[in-house]
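Two complexes come next, and they have one chain in common, chain A, joined by chain B in the first and chain C in the second.
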Partner chain A sequence: MSAAMNRALPLLAAPVAFFAAFFAVPMIVVVSSSLMAGGVPSLGNYARVLFDQYHWDVLAATFRIAGLTTVACALLGYPLAYYLVRVVKSRALRRTCVILLVLPLFTSNIVRSFGWMVLLGRNGLVNDALVGVGILDRPMRFLGTELGIVIGLVYILLPFIVLAVGNALAAVDPALEDASSDLGATPFDTFRTVTFPLCLPGLMSGIVMVFTLAVSAYVTPALLSGGKITVFPMLIFQQYSTVFDVNYGGALSITLLVMTLVLVGLAGWIGNAGASATGRKAQ
Partner chain B sequence: MIARLLLRVVSWSVMAYLILPLLVIVGSSFTATSYLAFPPQGLTLDWYGRMLGDGSYLAAFGTSTLLALVATAAALLLGVPAALAIARCEFPGKKFLLSLLMSPLVLPHVVLGAALLQYCAALGLMRSFTALLVGHIVIIMPFVLRSVLPQLTPEQRALEEASADLGARPMETFFLVTLPQIRSGLASGAIFAFISSWINVELSIFNTTAEMTTIPVKLFNYVQYTIDPVIAAVSSITIGVAALAIIILDLTVGLHLLSDRR
Partner chain C sequence: MTHTRAATRTVSRFAALTAVLAAGVSLYALPAAAQGEIRVAWYGGNWGEAFRTCVAEPFTKATGVRVVPEIGTSTVTFAKLQQQKDAPTLDVAYMDGGISEMAQAAGVLEAIDPTGVPNLAKALPEAIYKADKSIFAVGSGYYSLGLTYNTKEIKTPPTSWNDLWKPEFADTVTIPSPANSSGVPFVMFLNRMWGNPPGDLSKTFEKLKTLKTALYFDSSGAASNAYQSGEAIIGAHFNVGAWDLADKGLPIGFAVPKEGVWATDARLHLVKNAPHKADAQRFIDTALTPEASACLAEKLYLGPAVQGVSVSPDVERKLPWGVGGSVKNLQLFNWADINRDRAAITDAWNRELARQ
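Then we have the complex of A and B:
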């Protein structure tokens, strides 16, 4: 055993033992119980999950909501990040905005979703404003619709994109952009060929983060769905909290986990391919 | 020019969208009406009084605070040695170990909560403080690693070696050289860890009971039945704690987000 190993072992013993006992083993227990039905090894639980149209409908709704949320977060978050990093000159103003961005992140999902329950209600501020301005004739239903859930999730996850893109932007040397415009590029061309490709890794990591959190969100959909829409994490919660079917619940958990990891892997792969493609073009 | 203006309008609308819900909660906690009204009608602190008079809210605040404090302390005690080993030593499976320790960041918390419920039930710890605690330590440790690891640089390493060469024992080097140098990473890691535990619902909900519950879980269970200004008052307190944590973070370590000096 090498000297480095000898030094690492005493440092790692406690954290590794802890993660093995309270993270790895519990996850293995879920996997193994998902592979048991009626006391014997079986793939029946997975068959029950995968051959039932209802589960596919729920999965489709979950991924549709998460996809819309991610797109909206990117479209709204990118301009704000650009504005805060490149346009705002006052340090105090930027600092205040950063604090206001982090404040929701430090507040529970439940508190933030609750705010939207109030705002999106039939007599809430949003409906009052939309009717008052004349965009709507009469109040519209938000609670219990996918739109309502998306509004709540975008609000909760937006800061992640703004911070990821903003930190990537802040690391881009403005001299590169100046060089581009000195060489005659229009501001839009500079953005398209210099700034955007350089921030792409930041944007991609923000997108992956938002998408995984949106797929696995439970609290926000539970509160804003009004019992009318079901997303996948709700199915898992039902199985463990009211039905107590750990075999079937385990299969649901593992299905969500695998789908999430596959999509994260896919997004990372597309991001890398995209970044290297634009990188090649830039050279 | 038009693009600039458009950017400004979009940015400020997004900022407004981010601030509005919290403003509504804090505002409506002062309403004199018995239902939630925003803008508040009248001004009263009754709902805060009602909250203080209800022992179950104070108990939940107590559980949440204790849980977050103990979990943060444990995450530091486990996370800092792990970060040192990962930054300083070469060993097989290092990359795998780091991804394992960081994976609770992307793993659905509902899945982990369900796993811990089943596992702790088998151990006879179902719905106990211990069951809550171990789950919280697992999900907040990545924040400690993420803040401490970047500070364990080769330059910082050289100072540790100098200290050892001058005859300091390993423990002396750790407390007198290493610890002061990674102070800001420890502080921001600890604050992020504390807050992540303090606001968690998705993991806690599996292992809480009616008697032993955290404040976010209590709010979650309550909001599903009724919405009243007491909930707004309790929520406002948690927003206050969040604001306090951010101000502490900004004053001690500095929120070096979105700026080039990091």
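Then we have the complex of A and C:
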């Protein structure tokens, strides 16, 4: 045991040092600066954030946008992953699909959000098409609305959920599904009681990833909101980059972090409770 | 047989590649080894390109000293200067007005001495920034935030900032948000323009609330994008960005309204304890020549901050002060006032305007 430990320790040193330097230290800097006001230790910054309805409104908008993004990603991503893993038989085609899915990740968020600004604009392709087909009488506003931000975020975050669900689906043993249908279950029942619960952990990890990335997204909301909607990361960015109040900015950052952790924890707890409930029912 | 030939070919190709690489490396390394170098922080994109062509290249040609650029926005450069306060690697830093004053207050700048930089004598008096009687920055060119409009949609050029409130422009206007360096000063500019008391911006925000905008832009790029796509057909934009669009053939015009324009400048700073102080001073001296200023005016339409610069008539009309103007026509605010009110204005903006 201790010999194995001794061998493992030097191997661990590199990741631990990396983690300390690029995660722990900056985090400590942010936390400690958030606890200072006017050069003295104080909780004043947190009071300023928490006792102000404005911040709660912005927080609500941030979580609403992130929540809608996550739901849309799950609804679009799950069938897409299912299609890629179960329906596409040709390996070459599947590989092509995965490459197409991942390819946008190689382009910067800024460029992609600018692309959406052009597409969703008053004279953009989306409005032109909707008006041309006759769905709309006149161009609809996307920029500066929560819908516009959600569209941009879903596009950027969809690959994360597809890859997470796809991996989970690929790991499901087909023998279990065969057994289920041998025992007389319809394909829908098999999916509902066997396949879906088995890839739930993959779906959950995809959901958590998408939600946390959507909550912390800055570039996409900043560009697609047209400055008319404020999400929490925009407030943080303002304090750090233009107002230069790192103390207040730090308190905003930690508030967002804690609130997000609470929500993610809550979702995980509900997910677990739900999973064990269905597990019991299945037994 | 074919196999061997292919292998030989690969080897020779590899050798050729190595030779090219080696030649490249030695070309790159030689002047540095022989003459030394200085590190200069400047901005990205066409700004950085212009500084390279107009200042760095003539400087290297005259002195043999290589210029290593460190690309970043003013804010990033300021952050770097603070981090390397004890052992700086930068020699010269370009930073915008506003950040410049913050850098001075943070004690990361060295006084620019007229004996080391003789061309300071040629600089406009407005372009020399002093604190405690020593020069902490010198202007390298002005740019302004003027009225920008789509010439296809708007036939008669707008003449007043109040034109933005005309009903025919509803939902097609753009102005800067406080995330942009011009956002907070623009609010103060409007406040002064409407004759509201300097300490009370409530009336100005009331008026801004009635402005029907398409978007508030947080970066110059976002503004350019909005004018280019037709999302915005009138509003504010920098003369640099607006004329850049016009030069690309887009139907964009830039006007200096009767109330004037808010303007600021890109400034040169000598870094405190710069490792190559003498060369850094010479670099600043080169930047203050009429030739460098004329070159920056041609490339970016930056209004020259030194005397005796002549440019072509086409460039002249695109300068920040417009046709027949000069630095006297620019409304240059005191950045100390802007920085003092920055947090309050940003906060008021968030609450009043940046929520539906």
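We take it that the second predicted complex is superposed on the first by the 260 of 283 C-alpha atoms of A that agree within 3 Å, B and C clash if a C-alpha of one lies under 4 Å from a C-alpha of the other, contacts with A are read in each partner's own complex, and residues count from 1 in each chain.
The working rule: a contact is a pair of C-beta atoms (placed from the backbone, for glycine too) under 8 Å apart; a residue touches a chain by one contact, two chains touch by 3 or more.
Only a predicted model underlies this, so the values are computations on that prediction, with no experimental measurement involved.
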item	value
Simultaneous placement of chain C and chain B on chain A, clash or fit	clash
Chain B versus chain C as contact partner of A:237, first or second or both or neither	both
Partner chain(s) touched by A:51 [first = chain B, second = chain C, both, neither]	neither
Partner contacting more residues of chain A (chain B vs chain C)	B
Which of chain B and chain C A:118 touches, first, second, both or neither	both
Touching partner for A:215 - first (chain B), second (chain C), both, neither	first
Which of chain B and chain C A:108 touches, first, second, both or neither	first
First, second, both or neither for A:79, with chain B first and chain C second	first
Chain B collision site on chain C, chosen from 79-87, 133-141, 187-195 or 313-321, when both complexes are overlaid on chain A	79-87
Footprint overlap on chain A, where chain B in one structure and chain C in the other make contact	114, 117-118, 222-223, 237, 241
For the chain A and chain B complex, residues of the former touching the latter	2, 4-5, 7-8, 10-12, 14-16, 18-19, 21-27, 29-30, 33, 76-77, 79-85, 87, 94-95, 97-104, 106-112, 114-119, 125, 155, 158-159, 163, 166-167, 169-171, 187-188, 209, 212, 215-219, 222-223, 233, 236-237, 239-241, 246, 249-250, 253, 256-257, 260-261, 264
Of all residues in chain C, those that touch chain A in their complex	75, 102, 172, 177-179, 181, 183-184, 213-218, 221-222, 225-226, 229-231, 342-343, 346, 350-351, 353-356
Of chain B, residues touching chain A in the complex	3-4, 7-8, 10-11, 14-15, 17-22, 24-25, 28, 36, 38, 77-79, 81-82, 84-85, 88-91, 97, 100-101, 104, 106-119, 122, 134-135, 137-138, 141, 195, 198-202, 205-206, 215-216, 219-220, 223-224, 227, 231, 235, 238-239, 242-243, 245-247, 250, 255, 257-260, 262
Contacting residues of chain A [partner chain C, same complex]	54, 57-58, 61, 114, 117-118, 121-124, 143-145, 222-223, 226-230, 234-235, 237-238, 241-245
